[in-house]
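Quick heads-up: structures coming right below.
In what comes next, subunit A is part of two complexes: it sits with subunit B in the first one and with subunit C in the second one.
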Partner chain A sequence: MVFRLLGLATAAAILAGAGSAPAATLTIGTSAEPSSLDPHYHNLGPNTRARKHVFKSLVGFDAKMRLQPELAESWRAVDDTTWEFKLRRDVKFHDGSPFTAQDVVYTVCRIPNVANSPSSFTVYTKGIAAIEMPDPHTLVIKTAKPYPLLPAELATFGIISAKAAGGEQVTFDKAGCKADSWPTSQAFNDGTLMVGTGPFKHKEYVKGGRQVLERNPDYWGPKPAWDTVVFRPITSDGPRVAALLAGDVDMIETPPVQDMERLKGTPSVTLAQAQSARVIYLALGVQDTPPTITGTDGKNPLKDPRVREALSLAVDRDAIVKRVMQGVAEPANQFLPAGFFGNNPDVKVHTDAAKAKKLLEEAGYPKGFQLTLGTPNDRYINDDKVAQAVAQMFTRIGVQTKVDATTANVFFSKRNKQEYSVFLAGWQADSGEMSSPLKALVATPIKDKGYGTTNYTSWSDPEFDGMLETALATVDDAQREKLLQAAVKRAMDATIIVPLHYEVTVWAMKKGLSYEPRADQYTLAAKVVPAQP
Partner chain B sequence: MSAAREETPLRRLARDFARSRVAVIGLAVLVLVMLAAVFAQVVAPQDPYDLAQLDIMDSLQPPGTAGGAGWTYWLGTDDQGRDLWSAIFFGLRTSLEVGILATLIALAVGVAVGMLAAYAGGAVDGAIMRLVDIQLSFPAILIALILLALLGKGVDKVIVALAAVQWAYYARTVRGSALVERRKEYVEAARCLALPHHRIMLRHLLPNCLPPLIVVATVQVAHAIALEATLSFLGVGVPVTEPSLGMLIASGYGFMLSGNYWVALFPGVALLVVIVAINLVGDRLRDVLNPRLSH
Partner chain C sequence: MIVFILRRLTQSAVVIAAMAVLVFTGIFAIGNPIDVLISPEADEVERAAAIARLGLDQPMHVQFARFVESAVGGDLGTSFVHGVPALGLVLQRFPATLELALAAMLLAVLLGIPLGLWAGLKPDSVAGRVIMTGSILGFSLPTFWVGMMLIMAFAVQLGWLPAGGRGQTASLFGVQWSFLTRDGLAHLILPAINLATFKLSLVIRLARAGTREVALQDYVKFARAKGLSPARVVGVHILKNIMIPVVTVLGLELGSVIAFSVVTESVFAWPGMGKLLIESILQLDRPVVVAYLLLTVLLFVVINLVVDLIYSMLDPRIRLGGGRA
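After this line comes the complex of A and B, so read on.
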């Protein structure tokens, strides 16, 4: 009996196989693994990448980080504080239930209720004062103040199913939504709540091993070419490249820049690369007592704008891009590359070691001083190597610089306690426009408003804050861009942040595949196009 | 018999040692390497730890390229533009300094603790040896990693961490030999004379426990150097701007696939030569000093 059943099953399998094309599988070697599959647990690159396959958001980004409709087919500002979103009517969750406005309400309600979230998405839901649902496919969102970034911020988080989580009755309340219980992150990691609206359905997840997705046959958008997608985290650069060359994976994220020449010369591999919205910068701390500067009798030389300018003049960005980044980066002169909303084309940076020495002398430091530069050594592309090159350049103008390179966890916890006078870090503009870096890196920290969340320099410029605030309350795009450009100028003139370069993101894949490189650095399997037979 | 009496133990040791040509070559290499390391400032054309002497534009130059400062990069340069020939000398200095100092500290601590255990016996012995057992049951690299995560970076911290993982070997070795010696008549005699304990331990027991200690210590220097290289390779050892051999190898490792073989190869060869030389010397010392093997 058992044998006969087995035989039947085999015959059926053979028949099915003969009738259709072989199952198309795409295996991708990723450089980092999500910390959780819960789409709202941790606002982190790998998590968002994983989220975008399964859970769509109201608004999306195209490859150039311009907003495009996703679950919302259109939106408009009714007045300065009211937005109306029209939702798609043909969207079904992976369990077959229809997508409605209630799912958005439930998602916004759930985001502040994620237990132990290391980096919450609440910064993107804080602006929402009220949500109304005139009908199941229309959302009216009210904000307390004019809030032009609302559509861009709604692009940062995925919509989960209210039905699957038992939240059909939950209503929005600014003070905190009421529900019997909120879904745990564990329920996503074990697959029970992996019910989204994306092009792929969750199939299997083995932490440290693989994440397997299968095609969602009912997907409302363009159908992906792959029946099955496997993500394999291969965090070491060398083995990741080796896995591609050996054919174990079809595509990899961020091959190391030092291997770029070799990959370009390999006929079985093609590359795709795009400028990203991430700037790598040095932050110059103006604390009263400098944590890592000696030789100045306890004074902080960085409080003198001439010293800050000298350090910026000492940096040869072209040399860093050419020698350390092997040309796979672009010298930066502000927080976002040209072409992004808010870039100020009039802002320039220069390299002039002689002038830098002169400025140091004028400021009263003819012999320089000793400085320790903090940097992570596993977070950004070649981060500690860039820091060492910067240390060379600083030392050459007389500022004897040591590099403290540590693993990202250690670095960020020290950085966040302001234990570095100067540190190297990167900022990716999630919203794809200028207010994101200005608000996070330069603005005076005000926790409630989400200002200065990454300002670890003790810098505070009330006039700049005012300029930014005005810009953020201006709904008219052209006018807002002008205001942001003025704020960029003011921030760059203060030389608190010394931009080094914009990262260029690279993907390597086997010949025949193609991928439109994305400025937001995400690897999206649905956008990988196979060879035409 | 009279001829033998004229011969000091040290001279006999030297003669026995010299019977192995390989060991002599090992010793010669070791001496040369140590001299090179000590006089690195003189031998090396560049001070790779002085950032003002480096130029990022000279990075990753292949061996034999003419440098900007008028001399040639015979072994090429690394990704920061350090002359590898110079960097290897300075790296050797760091590696040997770490290896030797860590071994000496571990030796001192290990001998003191081991001797105490053997001499005191009973509960003290039990407690100390269980501690040694526990320590030895963990991989050395794991303990060193944890210690460095707590202590932070720096040559001094690496030395402390390495000493902390190595003392147990000496404690066990010295206790073993001391237990044997303790029961011998000369110790008995010393006790009958009511000599103070520290005198018995240091003047009578210790000299007779030395031969196995010397052997273990020589091999452990090599072990300490390799461990330091591993720690630096993993990024928790010495600071990036003052690379040891292990760190040079680590930074070169990233360039292996791209054809810039020299960044990792030459420091790797230097590390290999040093460790092989130390092991050859150590092996020969063991053969010479082990009474069961000689004659």
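After this line comes the complex of A and C, so read on.
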């Protein structure tokens, strides 16, 4: 019985293989699935990856996360608060209608009007105070204050068709645009509004099963090599690797670190890897009463800069990268790797356990204290193992450290309530430049300004805040970079954030394909090319 | 009979209500969904707006009251993550899981009962011993590991079968099924075997134990003495009498296979409900988790009812609902 069944299956598999083998189909196994195809529904990695195939944005990122023209062919700052964008004239939507400035206006108008959005893109549109359209291919965007991040923020969301959604008459209004109705997310999921300007057209979407795209023959940019692209979510690591080895898929995202050796030794597989813009760090809390430190009579030892420096000196980043991350990471000395806008080449970190012990003694903790380190165990690559290694390093200098590793949903809820004195987390700079981590992790939280949104350390340094504020109001790039570098120096000297390593993103694909690895971690089918023979 | 069914339905309603309270408070205690869902770059204003959009700004009892109010009308809420009705999301995944569960149960029954019978009739033969040893393995090997081994052997090394996914589907009664296409069937085989392994071992053991007990009964000896063919003795006199425990266990197991095939679905990237459940729990998507578990309770209630009805057909001595008393 078993044999008969297997025999039947074999025949079926062979037939299926023979029937569906056109050369130009690319199947990609992804590590996560978008929560919706609506490009403005959820500001989340997998959603943006799906969006980038169908809906282009005004400005784009190249593989190194430098800004490059996309639907806008050029832009310039007319004055401190006025930007002019020249739009491409040769762009058509998937339904054949031309792309114009009205589509951008409609998109910016629609973003605040997505029903049930769990995380909205309004973060990136609220800098816009007014939009003017001198002609259909020119946009003039005004901001309330000097706003150098505007081009980078316009790279975060895709442009939808005003015509397809019936929004040709909608005009921009800072207080809220007027329209009879706004498109629902459902209309994107079922394909009716999947009218974009990207290299691929929507074909089929089965939630949990697959997303099928087909080539857009009228695409204005370089033609992709694939007639059809299939994305299959395979969220478990082992099965995703197995699917690649079995030939079910041609390419996979983020193979697990422990399988790296095996994949390197497999002749039918090639790997591509790139340093990402995500730093894994420890945050040292300076609350008046430390939530997870004992043995100090209720005082918080982390308020003493010497203790913070000692903890940073105790961490051996090279050892973490080599042993825990198996080389698939880079030791970090600040918030973004060299080569990214705002990286300060003069900032260094050191490992020196002897000096760390001496600093603890000077600070009045010769016997150390007890600390619990919080970490997620399923959010970042090997996160809990890294935390264990850090705990051992802390313990070696006399700070007895336990690790509290929980699943991400529990961890983030606890962390956001400041229930950890020290926690491990990661920060991905979506804008690809330094103001993003500085603003979120180090700046003093200000309710409606987007400052300190992930500052769960109670740290507040008015001088640093001032430096950052000046940088964020400086439109000139060279000058802004200098100001950001100075702010990085100040933040690193305070040792509130202890950077550990930069994650390295890996793609594995079958031999014969090549992919330029991207710092923004997105898997873009249009950039996957058959290697030249 | 009608009294019996009515009483059962009342009991079920109480179970479902209790379940709703438990699940709702349980998942409420884990954490705040907004911490998982929202972009870390969002400021306080954004956060507050998102919290209000999802209805999370209300205290728990208000949220629960709202939930009950719409649940009575058949609306179990909108998924926080996917933004679509939770019940619809679960039901959309139901056919994939049902198909996998039925395929697994079919394998378990069609293989398990003959093998168990054989092992029971010839307990000391080599075949009998091999079957029993095999069933121990089936019990003790973890599903996740067996699944990975199946993939490594049949998909990676031999290349006979696909490693995961659902393959091509075809429509029947407006629902997409895999078993109707060759490609889909090929995709179904490995996960079905994986899911069936444990149940198969269970059925073998039940059938064997039953057979050994029944084979020694007087009526079996008498049937043999009367000169009935061995096929009739086994097929009618033994088989029918070992079916009661098998049906009981299969009924319960069918429920658990449908509701908790999470591991197999994850290993084989099978787009079923189990995978949806685990993802929803990780993202604290409360409406989906609640809808899923309520559906599961309903499923168990229905299956148990059916099992009770089948009893009375298999064994006329069993009366439903305490009979005349």
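The criterion applied here is as follows: the second predicted complex is superposed on the first by the 507 of 533 C-alpha atoms of A that agree within 3 Å, B and C clash if a C-alpha of one lies under 4 Å from a C-alpha of the other, contacts with A are read in each partner's own complex, and residues count from 1 in each chain.
Here, contacts are C-beta pairs under 8 Å (C-beta built on N, C-alpha and C of every residue); 3 or more make two chains touch, one makes a residue touch a chain.
Quantities reported herein were computed from a predicted structural model and do not represent experimental measurements.
Superimposing the complexes on subunit A yields a three-chain arrangement in which subunit B and subunit C fit side by side.
Judged by the touch definition given at the top, the superposed model places A:120 against subunit C, while subunit B stays out of reach.
Contacts of A:207 after superposition on the shared chain: subunit C is touched, whereas subunit B is not. In the superposition on chain A, contact is made by A:237 with subunit B only, not with subunit C. Once the two complexes are laid over each other on the shared chain, residue contacts for A:407 go to subunit B and to subunit C alike.
Annotation for subunit A, partner touching more residues between subunit B and subunit C: C.
When the shared chain is aligned, subunit B comes close enough to touch A:384, but subunit C does not. When the shared chain is aligned, subunit B comes close enough to touch A:258, but subunit C does not.
In the superposition on chain A, A:319 makes contact with subunit B only, while subunit C stays out of contact range. In the superposition on chain A, A:392 makes contact with subunit B only, not with subunit C. By the touch criterion defined above, A:444 reaches neither subunit B nor subunit C.
Of all Cα pairs spanning subunit B and subunit C in the superposition, the closest are 6 Å apart.
Taken together, the two structures place residues 238, 242, 378, 407, 410 of subunit A in contact with subunit B in one case and with subunit C in the other. The residues of subunit C lying in touch with subunit A in their complex are 30-46, 49-50, 53-54, 78, 80-84, 89, 92-93, 110-111, 147-148, 151-152, 154-156, 159-168, 176, 182-183, 185-186, 189, 266-269, 271-272, 275-276, 279, 281-284. Touching subunit C in their complex are the following residues of subunit A: 1-2, 5-6, 8-13, 15-16, 20, 35-36, 38, 41-44, 115-120, 122-123, 185-186, 189, 206-210, 232-236, 238-240, 242-243, 245-248, 378, 407-410, 412-416, 427, 430, 436, 440, 445, 447-451, 453-454.
Partner subunit B is touched in their complex by these residues of subunit A: 237-238, 241-242, 256, 258-262, 316, 319-320, 322-324, 377-378, 384-385, 387-389, 391-396, 400-407, 410. If you check the complex, the residues on subunit B that touch subunit A are 50-52, 54-57, 59-60, 79-81, 149, 153, 235, 239-241, 251, 253-260.
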